[in-house]
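Below are structures written as structure tokens.
Paired with chain B in one complex and with chain C in the other, chain A is shared by the two complexes that follow.
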Partner chain A sequence: MLFDWSSVTRYLDLIEQGLFLTIQISVVAFSGAFALGLVGALARRSRLLPLRLIAATYVEVLRNTPCMLQIFVVYFALPSFGLKFDNVVAGEIALALNVGAYMTEVFRAGIQSISSGQIEAAASLGLSGTQIFRHVVFPQAIQNIYPPLINMVTITILGSSLLTAIAVPELLGSALVIQSRTFRTIEIFAVVTGIYFVLTFGTSTLMNLLGRRLFPARARL
Partner chain B sequence: MGPNRRYVRYVAPVMAAALVLSLAACGSSTSGTGSSQSTLDQIISRGTIRVGTILSLPPFGMKDASGNPQGFDVDIANDIAQALSVKLEVVDTTAADRIPNLTTSKVDLIVADFTRTAERAKSISFTDPYIAAGYNLLVKKGSGINGVADLTGKTVAVPKGTTEDVAITAANPQAKIARFDTTAACILAVKQGQADAMVEDSNVLLYQAKLDPTLEVSKESVLPVEYNGFGLRRGDPDWQSWLNLFLFNEITSGRETQLYEKWFGQAPLFPLNPQY
Partner chain C sequence: MDWQAVWDSRSLLIEGVFLTLELAAVAICLGSVVGLAAALARTSRLAVVNWAAQGYIGLFRGTPLLMQLFFIYFGLPYLGVNVDRAVAAIVALTLYSGAYIAEIVRAGIESVAKGQRDAAQSLGLSFPQLMRYVVIPQAGLVTLPPLVGFYISVVKDTSLAYVIGYSELLRNAQSIIDRTARPIEVYLVVGLLYFAICFPLSRMVARLEKRVMATR
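Coming up: the complex of A and B.
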């Protein structure tokens, strides 16, 4: 079985562009998901019923439908309602919405796990609700949810590969284009698999090390 | 001394027999890959032909209301199966997967509006042409795009792994190319305004423009006429000559024209005239 690695080296610039786009999409989408997750978790725990209903609907709909379907809806269906996004933006929005639904539940679990004793103690010290959240609940919640958070980052990076269905030239899309030009399946897929692995494993390892820096007490457990 | 004698007497003959049996089984296996039998013989002995068709490219290949394959390519595949007296199994594929499906023996033949190019012929073999096509642009009515030159700065949708993908990139480097997985996705992109134009086989576009009055086909052909044939694995002259004979009969008897008129609603845009 002869491997023709030149078929990959000829298209290195395409792979590079795909990699940078994947990184860009992952960063933007995860930032959006983080923000959505935080807002969603607070909304779900709010005293106001309408807020709770909206948040619950958002979470349940987006967690119980396929991510690729959501991507198609944002890109192909929304223009019928006047909302037209270009493919990278549409992909980032869809990915942020999808991961944001999971992040909402992750944050909610993290916030709920903070013992009420902490909140009562803070309140008895005279801290306002917002201050309690900012200085007592949130830092501890982040510490609690840090491992699932890293998981969600991984899911976002790998989920960006779904965007090839709406013609986004990210890493997988570029690999498929190269494969369709050179007909060399094994070489290109081996290289791209390796790149995805290094990217994702590297990111999660770095985040783990960062976590040990930021949350030293947790690391020792 | 003891174990050696026991081994030679009982274990070795059993292992030798197993080895011989497995070699015999390999030799007579009808799996096909690596066997020197022609695909033609394998199909006849198996009783089924597996044909790869793109079922997202109307009217060459599509699914009817019950999900069964239908279309111009499917009808041609049916004619092939009948001529061989075997059953037809249609395998859905995408443009980019045609060659991998063939080289990994998932299908025996590709009948999927497959253009004959020198680059592709390095990996697989082609038969003589069974249909010819120009390439036009599908745009929204009144868009003002008539040809390749008008695509500067505009978004053009093409399916991945097609000849128009490569050709449009070269024809107008100032156009923004969006590569989708299927022709249907490209058409949807134009309908929803996500792309300004899409390039496809003029036969396909004829059909699409009839279905949707908001779309129109550009007058200028953007690429030279291309001849599409069947795809088969390399190194199979018997299968190739049978298919070429089948095609000669299919075209000269008028059956190909009859099928074209059935699916495209008019006489072939680029009639074929096989000679010998």
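Coming up: the complex of A and C.
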């Protein structure tokens, strides 16, 4: 027998645990990144210079250093400042911060895509700043940035694998554990490759379908 | 803060920077060749070639680079190929970036209206002529910002070679921390080094994007 799949099936529970942890990390990190991106984009367009500076620095620093380094900083360096997290939480924070910087730019582009005439029109109708954002800018911006948004979700799922480096037993981590126990490298990696593939392509296909339901006007374009 | 520890380990950091740049440069060059080939294969009329390219691109874009790295490092020996760390890192980063570059190049080619390509072919231009005189002059500039943007991410992604023990910048930083127990100082310096490499390139991408917008 060239391949021995029993070594994989024997560890199905480990793979399952890893899969759920990967999904959990991705959901938490992307939710955080979404919120950070929204706040970051608003801060970048703020009238207050300090806010703009903070947001710009956040985006540039996080986008121009490796995600792996950011994970290490949160997990190994922040405890020196009294901020101690377990490895899953530290990883989620680092991933959210990293993807959040890219999301800031995505949201910024989305907000910029709304013509200033619309905002002026809304203001002249007596809408407050918050109302304009909530009823005029945001619904249209989210439509315009929906494709890059899907891309960001994929990046988050793939990025969650980096938490292996701080010993988080997510999907890749569990694969490595099984590999070190059975030495059935090809079999285990083939299975995990398949799972990642289904995860990323499944998510983006589902989100595309959802987008067609949510934004019928855009689908017709 | 104690900077003496960092200063004493400067030779390790400098070595790390060079190995990071070396790995990135090799992966970018080889990845561009592979990516170009895959993009051309995607336009092929031969179904087998087309599918093979699609499968390759989908596989490497749909799975994490870190997994690809482990798979190649642990898996290749089973195929009778003994790889050292540097080779595994180069192979993984090349195949990974090839898949992304293929999609960037394809998007560039498709940014030239299909009618133009049909017209050029009906005028009897060969494929190389079509590329040389019709597609590249128009698609080249459009492709540049995402391409350079991706090259930046390759520089950052070399840090993943850390996990298989390749002594690039992050690995050397970690070993300095193990010896000195000075994570904050070392991470600050290493972060600055990565930033110093990536930030100028990022600015270049932003400028190129403006140039592309201006031509529209």
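In the analysis below, the second predicted complex is superposed on the first by the 220 of 221 C-alpha atoms of A that agree within 3 Å, B and C clash if a C-alpha of one lies under 4 Å from a C-alpha of the other, contacts with A are read in each partner's own complex, and residues count from 1 in each chain.
Methods note: a residue touches a chain if its C-beta (ideal position, glycine included) is under 8 Å from a C-beta of that chain, and two chains touch if they have at least 3 such contacts.
These figures come from a predicted structure and were not determined experimentally.
**Q** Have a look at where A:127 lands relative to chain B and chain C in the superposition and call it first, second, both or neither.
**A** neither
**Q** Counting residues of chain A in contact, which comes out ahead: chain B or chain C?
**A** Of the two chains, more chain A residues are contacted by C.
**Q** Kindly classify A:39 by the partners it touches after superposition: chain B alone (first), chain C alone (second), both, or neither?
**A** So A:39 meets neither chain B nor chain C here.
**Q** Using the touch definition from the top, say if A:164 reaches chain B (first), chain C (second), both or neither.
**A** Both partners, chain B and chain C.
**Q** Would you sort A:87 into first (chain B), second (chain C), both or neither based on which partner it touches?
**A** first
**Q** Which partner does A:179 contact after superposing on A: first (chain B), second (chain C), both, neither?
**A** Both partners, chain B and chain C.
**Q** One more residue to check, A:69. First (chain B), second (chain C), both or neither?
**A** second
**Q** Now for A:19: first (chain B), second (chain C), both, or neither, which partner does it touch?
**A** neither
**Q** A:61 contacts which: chain B (first), chain C (second), both, neither?
**A** A:61 sits against chain C, while chain B stays out of touch.
**Q** Is A:196 contacted by the first partner chain B, the second partner chain C, both or neither?
**A** In the superposition, A:196 touches chain C alone.
**Q** Report, in rising order, the residues of chain A that make contact with chain B in one complex and with chain C in the other.
**A** The answer is residues 76-77, 80, 164-165, 176, 179, 185 of chain A.
**Q** Which of the residues in chain A end up touching chain B in this complex?
**A** Of all residues in chain A, those touching chain B are 75-77, 79-80, 84, 86-87, 164-167, 169, 173, 176-177, 179-181, 183, 185.
**Q** So in the complex, which bits of chain C are touching chain A?
**A** Going through chain C, the ones touching chain A are 58-59, 62-67, 70-71, 74-75, 78, 152, 156-160, 162-163, 170, 173-174, 177, 183-184, 187, 190-191, 194-195, 198-199, 202.
**Q** Can you tell me which positions in chain A touch chain C when the two form their complex?
**A** Contacts found on chain A: 60-61, 63-69, 72-73, 76-77, 80, 158-162, 164-165, 172, 175-176, 179, 185-186, 189, 192-193, 196-197, 200-201.
**Q** In the complex formed with chain A, which residues of chain B make contact?
**A** Listed in rising order, the residues of chain B that touch chain A are 95-96, 99-100, 103, 120, 122-123, 157, 160-161, 165-166, 178-181, 185, 188-189, 192-194.
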